[in-house]
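What follows is a pair of complexes built around chain A, which joins chain B in one and chain C in the other.
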Partner chain A sequence: MGVRVRPFECWDDFKRYRMEYYRNYLEAKENGSIRWAGSAWAFDPVPAGLGEDVYPLTGEPYGATAAFFRDFSMRALETIERKGAARDLCGYMRNYWGSVAMDRYLLADGAEIEPFPKPDFNFTIHICCTHAKWYHYAAELEGGVPTYAVDISVGPGYLLNDKKIEYVVRQLEDAIQWMEKVTGREYDDELLIRAVENEARSMTLWSKICKLNQNTPAPMEEKSMFSFYVMTLLRRSDEKVVKLYEKLYKEVESRVKRGIGALTQEQFRFVTDNPPPWPFLKVYRYLEENYGAVSVGSIYTFGLGAAWLGMDEKGENWIWEPAPTPEEAGYEIHDRRSALWWTAMFNLKYRASWQHEYSHWIRKQETYQMVKDWKADAIIMHLNRGCELWNMSTLEVRDYLVRNGISVATYEGNMADPREFDEARTFNVIDSFMQSLGIEKLT
Partner chain B sequence: MTTSVDDMPQMKKFREWFENRHEYAKKWKEKTGGRVVGYYCTYVPEEILYAAGILPVRVLGSHEPESITRPYLHDMYCPFCHDTLAQGLQGRYDYLDGVTLAQSCLHMRQSYFSFADRVPNIEWSYYLPFPHGVNNPHAGDFAKHEFEKFKESVEEWTGASISDSDLDRAIEVYNKSRELLTKVFELRKAENPPITGLHAMLIVVSSQVVDKEEHNEVLESFLEDVAEVEPDREVGTRLMLIGSEDYDIELFELIEYGMSYPATFVFEENCTGSRYFWGLVENGGDRLKAIAERYVYRVPCPAKDWARGDFFGRRRFQFIENVIREWNVDAVIIAQMKFCDPHELDIPSLRDMLDRMGVRHLHLELDLTQPVGQFRTRVEAMIEAMGEEDLFI
Partner chain C sequence: MVVAGIDVGSKMAKVVIMDADRNILSYVMARTGTDHRETSETVLGEALEKAGLKRDDLEKIVATGFGKISVPFADDEVTQVIAAGRGAYFVRPSARTVIEVGAEESRAISLDENGNVRDFALADKCAAGAGSFVDAMIRYLEVTPEEFGQLALQATRAIPMNAQCVVFAESEVVSLLHSNVPKAEISRAIHDAIADRVIAIARRLDIRDDVLLIGGLANDIGFIESMKRELGKEVYVPEDYPPELIPAIGAALSAVQGVR
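Right after this comes the complex of A and B.
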């Protein structure tokens, strides 16, 4: 018997927010507002203390949007390569740099605007080899935009201690003074406190929504999740994002209760790992339409913007349970320092994607537990040439999962460079994999 | 009087140590009964290991083609990380008791974890979180905290505590090595440098794989004797090497000895060259703080050198700029390990800086083995191009 399906009621709300987000950044200067650019992993509550009219542009989602619009992406990539950027660098970053170098800005609907809106400052983090240097060179391309990067590479969350948190907090304190200097604005701690609370609420809500996909039939498929999860990467400290997730949570919960699924026929559940090849999201549709195969999530969509308990204190098992908000943890945020301490601790400890760079073991446990908890039949791994960080440990994980009886398929590609994806070959891989597992094509 | 640096017994020793580094470590173990620890990156505070009586040796590759790392490391990860892991998987580091990595780039990080997990004889491994943001004022404190934990782990493993006097001795030996190696590089400011880049590489890399005290003795005597040597080669174009780790004899031999035009490296800005030893530990009481500050404030690796608010520049670039002036560099070879993100991220800006300085440069991408013919053509073409104005004089 088929599964009942229906479109998401809040779909348009999410789409609208995303459209407004890019336009707000573009138009900020007309209203005397501030705009800043940085990684989606930057501590976005921190610039929020500069006022209610502060608009970010986060580079990874922007790079993914650019990749989706292949023609724009090709021009951006080739422009920056002519300036000497290597093809194996981060795909998101090359799209971003190329966009700056072309002096063309892309809106969420693919419209191109000239010139590229220069930020008042760049504010980012550094955990992989790329993030700080992404904005360092962007700043050079933009003629010297003030840039600040926070070093967060203190190790995995389960080994966190006060000294490590303090290292990050002190950098954030310096960053606030620096932001006051470069913008000429006085910093408002109340706005910071509110933003920090919103950040935790957004991230935890997204975890709870992800958990609901453990149900059968899965109420969401991953291609739709790409439109939902990205709010945690655009501006998670925004009250409006909290409201969007509250709405989505209620809706997904209701879908579960009513047995509404993502696919009319769910005969196969799988998870993925890396960022997808954004210009070729049809891979997901191919799996759905041909095999009734639903991707119930990934280390990427769940790990990037959600907050999870993660590794237990002994570093032995991964726990896919939502992390506590300050309220749930009984932590009172009452001033700048306590706010900065919370956001540092919360991200360092509970942001899943900040954990698995520190050992194969973490990512092995994280992935294995995801397959189990979300009742997946298999994992389809994207050997992604576009991001060295997300690709870290993938082959070790593959080896571990295979040894533990989990079916694994791999395909090679690039999250943000359309030139590095072989569509026909990928479909062949999928067909062969499904055939090997005895999964029949839908008639 | 010796007529050639290559004939000097000390230089022969450096080469022998470099080429037979595994045998050296094994003999050292037999002789001392001590432990040997492989380190993956030059941010590892070797002094702490040395103070514990451990021989730290740098994990290096062999520049031989291999295919055994593909199940564990993605193809897009750099040849160095593949090569080093391959050495471990092939049993060439079967004498190591431990392995460690101070946080550097992601590729080495992945290679290190696979090495630690898959090389059977490794009984102790330690991932040392080291600040990436070495240009921020809190990095020293953080590094010191992590070095304390590192020291505790070494003590727990060896079952012996590391005293202040142990650390003092290690700092003294390592500082002496740094001073001597700096003198080697200073020699090359001369109009007619007595040594080539190949010699310098052999000296620096051998210091990374043998007991520093022993290396210091030979190096000290080398510096005394080399003053008597008459350079026996034409210097030609004064080159600077900038880039990733490079300990490939074939590449140095090609550029310095195998071209139609004479050329000599007068400086190597890489972690098998100056970045390894530049800057001393200023020991003033708090030993771990002093060690931490040396590693944080040394000439940074590109993995760690980026803007931070009031500091816009790259410290490494400032260093390079000074070297080009002081060593009278004519041209730069940017020798970057294929797929090395930190270097690739710097290269567009580095090339801009060199252009602004009017310094000719050539970018070579290194792999496990080098395309010698192609490199020869390219380097010769660069040197030819540098002389083109002569046509119009």
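Right after this comes the complex of A and C.
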């Protein structure tokens, strides 16, 4: 008998938020509001202290949205290549730059608006070799937008100490003064405190939701998760995002209780690692429709958006358990310093995607444990030419997993460049992989 | 029961007729040409004729290869990886690593003790690791395929070829010819370069003995030597059947035993 499936009740709420997000950024100036742009990894609660009318545009989700709309993406990529950008640079960044260079802004539904709305300032972080360059060049294309990048490359969370946190906190303190100067606004610490608390709540709620997908049948498949996780990358410090996740948590919990799954026939469970090929999400549909194969999670969606305990204190094992909120940790946030200290510590220590950049070993443990904890039959890895940082240890991880008895398939592509994906060959890889595991096609 | 396995590659179409006891009754290989459908009909007809059989005698036809969709009369299809793995195990049961270099792509397959595919890696984005690269090089050197392989064995020194891409390799070969580098050394350099790229794919897997080389390039003695040298171990080629026939054998085996 098949599994019961049903659409998510809160689907439209997430969709609406995403539509409003891009529109709010676009229309901010009409009401004298502030807009800023930066990496989705930037310390999003910090600009929130400038007022309740501060609207961000985070680059990676924007790049992914652009890539999803292939025609727009092709024009953006070709525009920026004509200006001299190399094809092997970050795919998200090239879509973003191309969009700025074309002076065309994309809304979540694919509508194009002219001109591209310039931010009041760029505020980003620097861990991957792309991040700081991204906004320095964007600033140039935009005709000189003030730009600030916070260096966070202090090492993995389990080796974190006060000195390293302090290094980041001081940069954030400077950033606040800088923001006051470039916007002419007075900074409100109360707003910062609320934003920092919201950030922790959004991220830990998303971890708890991800954990629910360990159940069989899995209540969510990855394509839906792409629409859910992205809130943590758009504006995780927003109270509305916390509310969305609270609602989603309740709904997923109830799906688990009622045995509602993502697929009618869950024949095969897998996880994935890197960002997906956004213009070709049909890879997931192909797996679902032909093999009843459900992606129950990924290092990308879980690692970017959620907060996890991560490596244990000895740096030996990865723990996929939600990180504590300030409340759960008994940490009181009462002023600017304590707020900045928490957000610095929380991200440096618990943001999974900031851990595995430092060592293959961490990524190996993280991936291995994900396959085990989410009861996956295999992992399908995307050899993604669009992102240097995430792709760094993919083949080492693959090797490690195979040696440890885990079935692995790999396919080549680019998360954000439609020209670098071969659909027929990818399906061929999937068929070969499934046949090698003896998985029958659904009739 | 009599079955057929048909492998439609980008350069050659191959058919194997097999009985229920897995005896190969006949096989035919021919250039694919432009009309894959017509070619597959023709090769199948020829193979049946060689075996003294009629189309109605066939109980099942399984297709593989990149042109498998152009075999509308096939009852089922099997991926190249599975077909190559099964065929390789059939011709050499001690094979644990199968390296196939075809006209358009190369792949490496790791087999377990029972001949099941345990892992695989494909290179399909570039012609540099495949037979079409050799075809291009043969044209520049103005030699026959047989001479090309033999020449490499006569080289007295190894010279590196740096180009990763056929287009650049061509200009590198031209400049070596202009510098009066003997063709033997150029041939070896080309073979070493291809072996290097193919081995880079195979190294994604755990390369275990025996290593069996299949696909059209396994006919090239210069390439076999380069593979042995670069891998630092013995490399085998099928003894009783042409190396490019192996996936068609695997397809026929799949027809006998079921695709999965």
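Simple rule for what comes next: the second predicted complex is superposed on the first by the 443 of 443 C-alpha atoms of A that agree within 3 Å, B and C clash if a C-alpha of one lies under 4 Å from a C-alpha of the other, contacts with A are read in each partner's own complex, and residues count from 1 in each chain.
Heads up, the rule we're going with is that a residue touches a chain if its C-beta (ideal position, glycine included) is under 8 Å from a C-beta of that chain, and two chains touch if they have at least 3 such contacts.
Because the structure is predicted, anything quoted here is derived from the model rather than measured.
Novice: Of the partners chain B and chain C, which touch A:Lys314 in the superposed model: first, second, both, neither?
Specialist: neither
Novice: Is A:Arg6 touching the first partner chain B, the second partner chain C, both, or neither of them?
Specialist: neither
Novice: Considering only touches as defined above, state whether A:Leu395 meets chain B (first), chain C (second), both or neither.
Specialist: both
Novice: Scan A:Trp178 for contacts with chain B and chain C and give back first, second, both or neither.
Specialist: First partner only, chain B.
Novice: Contacts for A:Lys83 in the overlay, against chain B (first) and chain C (second): which applies, first, second, both or neither?
Specialist: After superposing on A, A:Lys83 lies in contact with chain B but is clear of chain C.
Novice: Specify the partner with more touching residues on chain A, choosing between chain B and chain C.
Specialist: It is B that touches the greater number of chain A residues.
Novice: Should A:Ala149 be classified as contacting the first partner (chain B), the second (chain C), both, or neither?
Specialist: In the superposed model, A:Ala149 contacts chain B only, not chain C.
Novice: Applying the document's definition of touch, where does A:Lys133 land relative to chain B and chain C: first, second, both, or neither?
Specialist: After superposition on chain A, A:Lys133 lies in contact with chain B alone.
Novice: In the superposed view, which residues of chain A touch chain B and also chain C?
Specialist: Residues common to the chain A contacts of chain C and of chain B are 395, 399, listed in rising order.
Novice: In the complex of these two chains, what residues of chain A are touching chain C?
Specialist: 395, 398-399, 402-403, 408, 410, 412, 422, 425, 428-429, 431-433, 435-436, 438-440
Novice: Give the list of chain B residues in touch with chain A in this complex.
Specialist: Going through chain B, the ones touching chain A are 70-74, 76-77, 103, 105-107, 109-110, 113-114, 117, 127, 129, 131-133, 136-139, 141-142, 145, 302-303, 306-310, 312, 314, 339, 341-342, 344-349, 351-352.
Novice: Which positions of chain C touch chain A when the two form their complex?
Specialist: Against chain A, chain C makes touches at 78-82, 85, 116-122, 124-125, 204-206, 259-260.
Novice: What does chain A use to touch chain B in their complex?
Specialist: My answer: residues 83-86, 88-90, 126-130, 132-137, 139-140, 144, 146-151, 153-155, 163-164, 167, 170-171, 174-175, 178, 357-360, 383, 385, 388-389, 391-396, 399.
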